[in-house]
Structure formats: structure tokens, C-alpha cells
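Each of the two complexes below includes chain A, the first together with chain B, the second together with chain C.
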Partner chain A sequence: MDTENTNLFEFAAFDELESEHIAAPRYSYWKSVWRTFFKNKFTVAVAILLIFIVAFALIQPMKSGYSPTVTPNINNADMKFLKPGPGHIFGTDHVGNEVFDAVWAGARNSIIISFICTAINMLVGIPIGALWGFSKKMDKWMIEVYNIISNIPFLLLAMILSYVLGAGMRSLIITMTCTEWIFVAYFIRTQVMIIRDREYNLASKCLGTRTGTMIVKNILPYLISVIMTYISRQIPNLISYEVFLSYMGLGLGTTNASLGQTISMYTSYMKGYPHLFWIPVSVLAIISISLYIVGQKLADAADPRTHM
Partner chain B sequence: MQKNYIWKRLLRSLISILIIMVIVFTMVYTMVPRDNIFFEDSTYRKLASKSDDKTEYVYSTWEKLGYLDYERINDYCLTLYEAGSPEMSAAVEPDSPESREFVELYTSRGYTVEQYLGSGRYFAYKDVPVIRRMLSWLSQLVKIDTPYAVKDETNPDLVRKLSFGRTPTGGVALIGSGSLHKYLLYTDSHFPWIHQNIIKLNFGTSYPTYQGLEVLRVLFQSQGGEVKRHVVFETGYETDSGINFGTLKYKSILDRMDRKKFVDNYANYETFKEQPSMIGTSFIMGIFAMALAYFLGLPIGVLMARRKDRLADKLGMVYIIFIIAVPSLAYIYLFRYLGTTLLNLPSVFTTYGPGDVRSWILPIISLALPSIASLMLWTRRYVVDQMNSDYVKFAKSKGLNQREIFNNHIFKNAIIPIAQGIPASLAGCITGAIITESIYSVGGMGKMLPNAINQYNNVMIVALAFMFSTVSVLSVLAGDIVLTKVDPRISLSEKAGRS
Partner chain C sequence: MSNEQREVILSVKHVDITFDKFKAVKDANFDIYKGETFALVGESGSGKTTIGRAIMRINPCSAGEILFEGKRISGKISKEEDRNVVRNIQMIFQDPAASLNERATIEYCVSEGLYNFHLYKDEEDRIAKVDHALESVGLLPEHKSRYPHEFSGGQRQRVGIARAMIMDPKFIVADEPISALDVSIRAQVLNLMNKLKAEKNLTYLFIAHDLSVVRFIADRIAVIHHGEIVEIADSETLFKFPVHPYTISLLSAVPMPDPVVERTRRAIVYDPSVLDQSGEKREMREIRPGHFVYCTNREYGDYEDKMLQMEREMA
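And then the complex of A and B:
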């Protein structure tokens, strides 16, 4: 070997800090989630639309101050059943109120209710479902608890709660959460059971990991995408539910606006004044569909297997 | 092992049903204000307010419905004196010594003692605990008809026996005498051809709506106008009548018409009517909707999976998202609008009635819409999952073509979780569809529970809750059994040696 060439090399000193460094590309879970999510232009457009609608639904009713019980134009026949047009964007209804105000006031309450209910159902249902799926001893009895709770006539329960608590947002939220959580728990239980006995969990168990740690660290991260899918269906479901309850006369009560209340109130005018029915339904559909799409795409993005 | 598991699970299901009933009884009898039951009662409204008759009516109705035990001073005095005697009429007055005894006795027994507003006479009542109420309901649930069932003091010579014979319509029958029903077991030309009256479920009598009718009769009795036909009675009397001979029941006091038609005391009967019963209507609608859903949902789901991320898949997803996102109320109205304007179908069931096929089309399709969507979604999911599995890749590498792989491998595996849901959807047919039935004015089961709740028909609520929960709990079990039949690898009982 030539001495000239060996001089070109330098001796590297041993660096303890450098030797600990792992030369893999940096991976941050949440950054990857957002990157995957924002990659799709369509999703971003829907997300922006959703944010705009939700913000509008939260702000507009404050400005309009709409309430179904305030009917200044009730004796003014010229103001009733106007077609949508300039001045009255969505037209006017049977008591001469602006449909535009009614729809957004309703949307606000419906959105708030469905978000709160979803949050409660998830916060209660996921931990219980995770434990339930993990423990076979618990499963034996929880299945019967599920049989019992899921078979109590829902309408009866809703009516009794409206007796005890009176009609209103609080009683509606309790109605839509007091039995609904068991379905979330049941869903999570099935999912946990599927991955409970996978090899990596067996290995973890052999190494002495505690049950709680296994659920939180090994199983729940795997379920994030499934849970997101569930949530994205849950919110439109709850809005539909609220429509159904209002249709049965067990909703928010006549003094509060909600999309369900508005839709069931306008249903009887469907033949003569179709816009009264279709406008709130379309607004509801737009909200639900965009929530569903954003949720589905978030679920896809939350699955670490899509990050590669 | 398997049998053992099923028995144990049946037992646990039974306990679950009992607990559901305790909860329902508690809700209905303690949490709904008991004054509400009179809202729909016309007799109550006719009685002058604050009259003694009204008080009497209110408390005796509550006693009849099992809310409370009700004791009048009259009943108490009747145990001491003869009816109509002067001691009797003196004793019922509020200042008599008997009244004082009555007050003392019932106060010591925990009763609340009050006075009628008009006459000032005493009465006492005490709430019946929910558990006792439920146990008495349960004890009367199953009624078995025997030749010793009828207890009629006005007819001491009633023969008590069983014999074989024929019904007036020519069927074979086990005929009872002294039993509640005349024909305990009989055959006729109506579905399901063999009928029995020996073991009957007794859910009580409906109140305040359908007053005086047995709950099961309300649900199972055919509706609409009578179907009359030429009938020859046992006496030789001929007339046009809708009589269903199989339903003949004991009647204590016969009128002139009864004597003309019947040779014995069995003169109470139901008639054949034009339209199916509530439960029948819902079941027909449900069965066809279910068949339609499986017939369309499964193939479309498979198609979507095979054309994943292509046009067919995307169109299918649009439909699924639409059904999920739009409330059923709205898409049923939309669909009805389309059906009535484009296909010229009737917008309500009652236009042509259940006898015409056109009436059924829109309600059945409306009912099937959400089931089609969910079957599409899940079939697609399962098939896609199977398509990525190793055994499919192996089959492909062995040289099997697409069709063979699909029919022999993927479909068989993908159908397993779907087969589990079939018993539950069958069971769902009898509970009826609330929204669909109300939009199309179909006389089915869907409205029964909401109406019973709104009209405070407690007997009906309890009966429906019992029927629905029993059917649903059993259908979950049936689903699991179907699961093991479709997939022999699955075992319901815990295997030995596995935690």
C-alpha cells in the first residue's frame, strides 16, 4: 500500500454519544398521521367545508337569536311559506320565521349534542370494552349485562327519563348515552378479543407485563383506526337518532331548536312546500357526510401501516 | 360439551330476561306517574271530578292493574254482617265503631287510610311491591286448559271430559268439555294447519287502549272487515258468518242467538277477517325486506370487493354513505316520493290495502334500504379481508382460476359472520319497523310499543317488552349456534387447556 494514500485517511475517535444514535429516518406518529391526511386534496377540501359549516352553525344562531317559540310574523300571511330567494335565503315557514335561522339554530344544538354524546360514549365504552375483551371471566357476565341493557325498550327509557329530568338538552344527552355505551363497549370487546391472543401479546404476557399496560400500550394503539371509523359513523348515527326521537315526540322539546325537531316539524308541509323539508335534510346530510368522510380518512391516516 | 354449553347459556339467558322484566316493571309501575293511565280513558273523563264514583273507579282500576291493594269499608263490613242488613248500613258510616276498627286494622297493616270526599266513608290502600307484582304476572303467564278449567256455579251439570271428533269445517279435533276452549287441538285449512288451545300465554287484558281485549288477541287477531261465508252450525242453522270454529270458548250465559247456533255452552268465538294481524303484517313485510336485502346486498358486496377501488366499488360506497349519513326519516320520504311519481305506486298502504301487491312494494323496499347498505358494507369488508389472506394466494399459485377461488374458498369463509346475523334479522321482523310503518300507514307492530308508551298501556308495554327481549336474547343464541354449524372450527364452550 502506498504511504501517500494512507495519509489521506484520518483516525476517527470513538464517540460514545454518536454510537448510541440510530440511523433510521425520524418517525413521529402524529406527524405521519397529518402528512397522510393532508396528502389527499379531496379530503382537505371536505375538512375545510366541515370546519366552515360547524363554525357557521355555532356563530350564526348567536346573531339571529332564533327560538321556535318566538314568532313575530305568525299573523302576517304575507310572510308565511315564502319560496327561497333574495332576502329569504331558505324561504320562510308556517309561522313566518326564516328557515335559514331555524336550520342553523337546529344544526348548532344537534352538533353539540352529538359531539358530547359521542365523547361520553367513547370515554365510558372504550375502557370497559377493553377490559371486557381482555378478561374471559368478565366476559361471561358482561355478555348477560349486554343482553339486559340492550333489551330494555329504548323508547320506554327515553320517556321515563324525560319524565324524571324534563325535556331538554341534559335529558336528551343522558337518554342517548345511558344505554348506548354498552354497544361501544361490545364493539371494542370483539375487536380486543380478535387481537388479544396474537403472538406479540402472548410474548408480552410471558415477560410479565401487567394487564393495564398491555391494554394501553399493546392493544389500544392497534385499535385507533377502528375506533376512528366507529366515531365517524357514531356522530351521524346520533344525529339520526335525535331526528327519530323528535319524530316520536321525545326530543329536545318544542322550546329548543334541533335538526330533528326542525325536520319532524316541517315534515307535514312536505307535499305543499317541499323546500321546508328538503333544506334541513340537505344541511343535515352535508354535515353527516362530511363528518363521515373526514372520519374515515382520519381513520385511514391513523393506521400506522399506511405510513410506509 | 356443546349441549352442556347451550343449556347453561339458555339458563343464563332466562335470568337475563327476568332481570329485564324487573327493570321494565320498575320503570312502568313506579317511575311513570300512575295518574297518567287515565289520560286515554273515556270512562274516567265521564265521571264527575271529586265524586266518590271517580275515587272508586280510580282505585279499583289501580287495583286491577296491580298498582295497589284496595280495601273499602264495605268489603270489611260484609265479612261481619249480611248484605242489606240494618247493621251493615250503620257500620259503613264514618262514625261507627266498625269504621274505627277498620282504620286501626289497616293502619297497623301499613295501609294508607283515607275517606271518600262525598260520603266520608273510609277506604284503605297499600302499594304492591314491584317484585310481588312481577311474580304474580309470571305465575299467570302460562295458562293450561284442562276439562276442569271452567268454574261456573250456574251450570253445575257441566260434563268434564275429553273426546276426539271433527270440527264443523271437517278438521280432526280433540274436543274438551269443561275446558275453556272447545277445540283443544284441531286442524283446519289455515296456516299453520294444526292449532292448539291447550297451552296459552296470558299477558293480561289491555287497558286503557283496546280496552277489554287480551293483549295477544290484539297482536295476533286478523284486522279489517269480517270474511263471511256460508256456514252450517251444529244445530242445523245456516247463515253467512265469519266464525272461526277453532276459537270457540265457554260462555256462561247464552242468549237466544247463541242457542240457535250452538248445542252447548261454547258460544264465544272470533271471526276471520280480511287483513293479516299486526304481527302478521310486520312479519310479511320484514321477511320480504330481509330476503330482498340478502338477495341484493350479498352479490353487490362481493362485486364491490372484486372491483375494489374501481367504479362499482365507489358507486356502492356512495350509496352506503348516503344511507348512513341521511336520517331514515328523510330517505324513506325521498324514496316514497320517487316511487309514487316515477312508478305510480300508492303513497300509503291503505289506498289498496294488504290484498294488493302494489301496497307492499314501497314499504318493503324502504325497509330493505338500510339492510342492503349494511350487508354490502360488511360483505365487502369480509371478502376483502379474505382476498388478502395466505390461503387465497396459495390457491392462486396452485393454478385455480378466479371463479373457483371465489366460490369454493373466499365466499364460504366470508359468509360465516354474516350467517350469524340471520336469526337476529329474522327476529327483528316481528318487532316491526316504527318509521317505515308510520310513514306508509301500515297496520303493523311498529307502532304498538310507542303507542302503548304514549297511551300508558302498561299491560301492553310489559307484554311487548317480554316478547321482544325473549325473541332477541334467543336469536343471539341461535346466531351463535348457526355460527358453529357454518364453521365447524368454532367452538362456543371454552376449550380445556386454554385460558
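And then the complex of A and C:
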């Protein structure tokens, strides 16, 4: 090669410290979760709809003061079975009450019950499941406890509890939590077992990290996404449980409104006045589906593999 | 220096490790001296990682015992001793991508040991220690707030080394620390390990399958095959005078960066049928000072002949 040509080149300086530098902007887990979540317009629309429905269900009954036992128009034939229209958005029912008020009062109780039950099931199930997955000793007897509890027929348990405790919100919450938590725990146990023996957990063990710290720092952060998926299924599930139990007469009783109660009350008028049945069912469907969609999308966004 | 004068830091005595009915390690025997790099070499599945993990007390021994500074560390030990062992014996893992917690910052990963033993006066002191540990492995303090997935393989492995070094250990089990790394950065990590060893007066148990790397880093080498340690010697001796047929076949497989040699190289396939099949129990015998081979009485005679022949050829 020509010696003159080599003069055209210059040695580039090499800075070892500079080569260690990471140029990418700082990564923050939760910021990335929200960014991924809000990127999808459809998800945002469903989330807004969901927030609106839940807020409306919580506020509207306070204004209307609806109760199935209060029936001021029961002797006024002109007020009964009105079609949906101006003045009566969802029409009126067999006792002359506004269906609109009845549906939202019902939705309010159903939402409250399912949220409380989900919270209890998760708060009990996740810590127990995490320990259960970690400890081989605990697994031996917990699996027997699980076999016993999971074999109790749910309907039988619901009937017995409603006879013993009487109908009402308290008994309904107890019915939907006293065995349900073990399914959450079992689910978490399996998830923990999958990642328990990964190398980074061995590394923590070699550094002397205690089990509790390992669950909080090493295991649960990896499970955020699967736990969110579970919650997004659990809330609509419990709403339908509530509807089912109230429909069977094992739920809140006739003095309290709930979606199940409302649907069961209106079922008898399905032939003549189908809107009485279909309106509360549609509200139930919209709440369940939007909860499910938002939960699923949140779970997806919580998975860091989607953050790139 | 002759081996008798040197201080033994870790000794493995007649250790068996079984998983259900499968014997992963049979009758393992070796001493590791303070300040040396002791390599454990064998093919995959030979039980080398299992021995490393037994020393870390992840795998329990089914027979025999492991002593650290003269005290037994295998089996049940008191809580105090357990903490002492954790502080003094640390591990560097094979796969840097799998051995760091992906959901924690580098700061937490490196501080983990400090938190567990409360090895710092206050927050400021902890941060200073983390910064120092990161700098000692060639990383920057600004990396603290980053997550493991933002780093390259070599950087991650250095985070793993920093995390072990911050505990100020005496003994390090390095389980194939470079086999998951890019060839271009292997030397960087090995040099770093050697630098830290000199600075902190460390002892390494270096687990590897790559003999060319082992020759570069190890003072003594143990060859393990199917859970049995077959030969132990100084690395130069082992490369010059291998006597066990398995060691010979392993050495014959080492590639040389020389096309002429490579063209004529014949890999010797290990044939266990040449061993003594009488069923006599084998034991570690010292064929030359510091050179041990696992054999029966008859095999010992054969190896002695082979040794004498090799020594004649060398002379």
C-alpha cells in the first residue's frame, strides 16, 4: 500500500470508560408500563368507559336513593311498564320504579362486593401462595388442605352459609372468600415454583438473602403481569358469582339491590317487556367485558418484554 | 513451594452427591490451598457444577464432608457459622443474563449482600461501597440506577463479580464464568478476576470445560469424569505428564491455533475398558509429589510405567 495514503487516516482515540457508558435514556418500570398501556387508543377508550361506569354506579344511587322495598308508584297503573324514552331513560318496572335507578343501585352493590372479595382473596392468597411455593415442607400439608377445600361444592357452601349467617352483604362476602383464596394461593404457588430455582434466586441464596426478602424482591416483581391477568378475570367472575347467587336467592336478599337481584326480579317479565331483562344484563356485560379488557391490557403492559 | 507448607483453605473429603438414585459425584477428594486458583475440568454432566454448588451448600452431600478453614460446612451447621460461610465463600455464575434479578436495579443487585449482613454504617457508606465495587470491576457509578437488561454480557458478568466482591470473601467459586461470554471479552473478565485475586488475596475454584482457558488461569487442575475426580496435578505437570487415559483424551482434543498442527492432530477417544475391571475399589494415589491419580493397585503400576516413559522422553 502507498505510504502516502496511510497518512489520510488518523488514529481514533479509545476511551475505555466512555465505552462503558450507556446512552439509552433511563429505564423506569412503571413509567414504561403506563406508556405501553396508553399507547393503544382502544384500551384508553375502554378504560375511560370503565371509569365512567364505575363512578356513575357509585354516585348515581346516592342521588336516587333507590331501594327495592320503596315503591311509591305501586298503585299508579300509569307509571308501570313504561317503555324507555324521555323522562324514563330505561323505562319503569312492574311496581312503577325507574329501571335506570334499579340498575345502577344494583351495579353499585355488585361492583363493591366483587372488588372487596377480590381484594381479600388476593391479600390472603398471594402471601400464602408465595410461601407455599417456596417451602417444600409447607407444600406437603398445604396440598392436602387444598384437596379438601377445593372439593367442597360451592353451591352447597353458599346455601349453608346463607342459612347460618342470613342473607346480606356480609354473608355474601364470606361465601365468596372463605374458599376462593386457596385457588389464588394455588395459582401463585405454581408460578413461584416455576421461577423459584432460577439462577438469580440461587445467587440471592448464596448472598444470604432470607426467604421473605426473596419473595418480595425476586419473585413477586416477576409475577405482576400474571397476577394482573388473574385479577382481571377474578373481578368479572365474582360479579357473575354474585349475580348467580342472588338469582338463586342466596345473595343479598330481596331488601337490597344488586345486579343479580334486579335480573332475577325482572326475568318474569321477559316475554312481555324484554327491555326489563336485557337492560341490566347488558350493563352487567359491559362492566365485565371492560374490566376484563382493561385488566388484560394492563397485564400485557406490565410485562417488560412489551416495553421495547 | 511444596504443598505441605501451604495452608489448606478448603478441603473436600470423600464427598458423594446423589439426586434421588443418581450418583452425580462419587468419592470426591481434593484440597484447595490458600491463594491458588484450582480448576475443576470435565465435560458437561460430569458433576463439576454439582461440586461447586455443594461447596455453596445449594446441593447437600449424601456422604463425606467439606471443610472450610478446618471447620465443617456441609450438612447442618449453626446459624452463626452459616453467616460466616456465606460472607467468606461467594460464587460467580455461568450465565450473567440469568443470574441477575431483571426487576432490580444494579444498585440493589450489588447491595444485596450488604443489606443481608448490614455491612454498612449508613446510606452514604453503602452507596460509597457500591460505587467502589462497580469501579473496581470497571463499571461506572452512574450504572447504579440501570437495570440488568441494559448491559452487555461482559458488563453483566462484571456486575456479578462486583456483587460477590462487595462481601469481601476469601474464597470464590467461579462456575464457568466466561463460557457464556463473547470470545472477545473473555480475556477482559479473566484479567479482571486475576487482578482482583492479587488485590484481595483470593482463592478461586474455577470450574470450566475449556482446557485452554484453564491452562491460562489455573495453578492446579483436577479432571473430573462421570462424577469421579480422575487426576489432580499442577497445570504444567498435567499438560506435560498426563497419566489417566481420560486426561490424555481430553488434552488431545484441545485445539491449537496452528494449521499445521491442527491438520495432523488426532483426537484420542477415551476408552474406559483399558481400566482395571477387577472391581477393586479405586483411591487417590500420589504418583509424583502433588500429582494424584484415581486408580486401583494394578492401574497404579501401569501409570508408573507410563510416567517413567514420559520422563525419559522429556529428558
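By our rule, the second predicted complex is superposed on the first by the 282 of 308 C-alpha atoms of A that agree within 3 Å, B and C clash if a C-alpha of one lies under 4 Å from a C-alpha of the other, contacts with A are read in each partner's own complex, and residues count from 1 in each chain.
To be clear about the criterion, a contact is a pair of C-beta atoms (placed from the backbone, for glycine too) under 8 Å apart; a residue touches a chain by one contact, two chains touch by 3 or more.
No experiment lies behind these values; they were computed from the predicted model shown.
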item: Touched partner set for A:K217, first chain B, second chain C, both or neither; value: second
item: Touched partner set for A:Y27, first chain B, second chain C, both or neither; value: second
item: Touching partner for A:I59 - first (chain B), second (chain C), both, neither; value: neither
item: Touched partner set for A:R198, first chain B, second chain C, both or neither; value: second
item: Partner chain in contact with A:G208 - chain B first, chain C second, else both or neither; value: second
item: Partner, of chain C and chain B, that touches more residues belonging to chain A; value: B
item: Partner chain in contact with A:L123 - chain B first, chain C second, else both or neither; value: neither
item: Touched partner set for A:I289, first chain B, second chain C, both or neither; value: first
item: Chain A residues contacted in one complex by chain B, in the other by chain C; value: none
item: Chain C-touching residues of chain A, taken from the complex the two chains share; value: 16-17, 20-22, 24, 26-27, 29, 198-200, 202-210, 213, 217-218, 221-222, 304
item: Of chain B, residues touching chain A in the complex; value: 12-13, 15-17, 19-20, 23-24, 27-28, 31-33, 321-322, 324-330, 333, 434-435, 449-450, 453-454, 461, 464-465, 468-469, 472-473, 476, 494, 499
item: Contact set on chain C toward chain A in their complex; value: 53, 56, 58, 83, 86-87, 90-91, 93-95, 98-104, 108, 112-113, 115-117, 138-140, 142-143, 145-147, 149-151, 155, 160, 163, 167
item: Chain A to chain B touching residues, read off their complex; value: 136, 144, 147-148, 150-153, 155-157, 159-160, 163-164, 233, 236-237, 239-240, 243-244, 247-249, 260, 263-264, 267, 270, 277, 281, 284-285, 288-289, 291-293
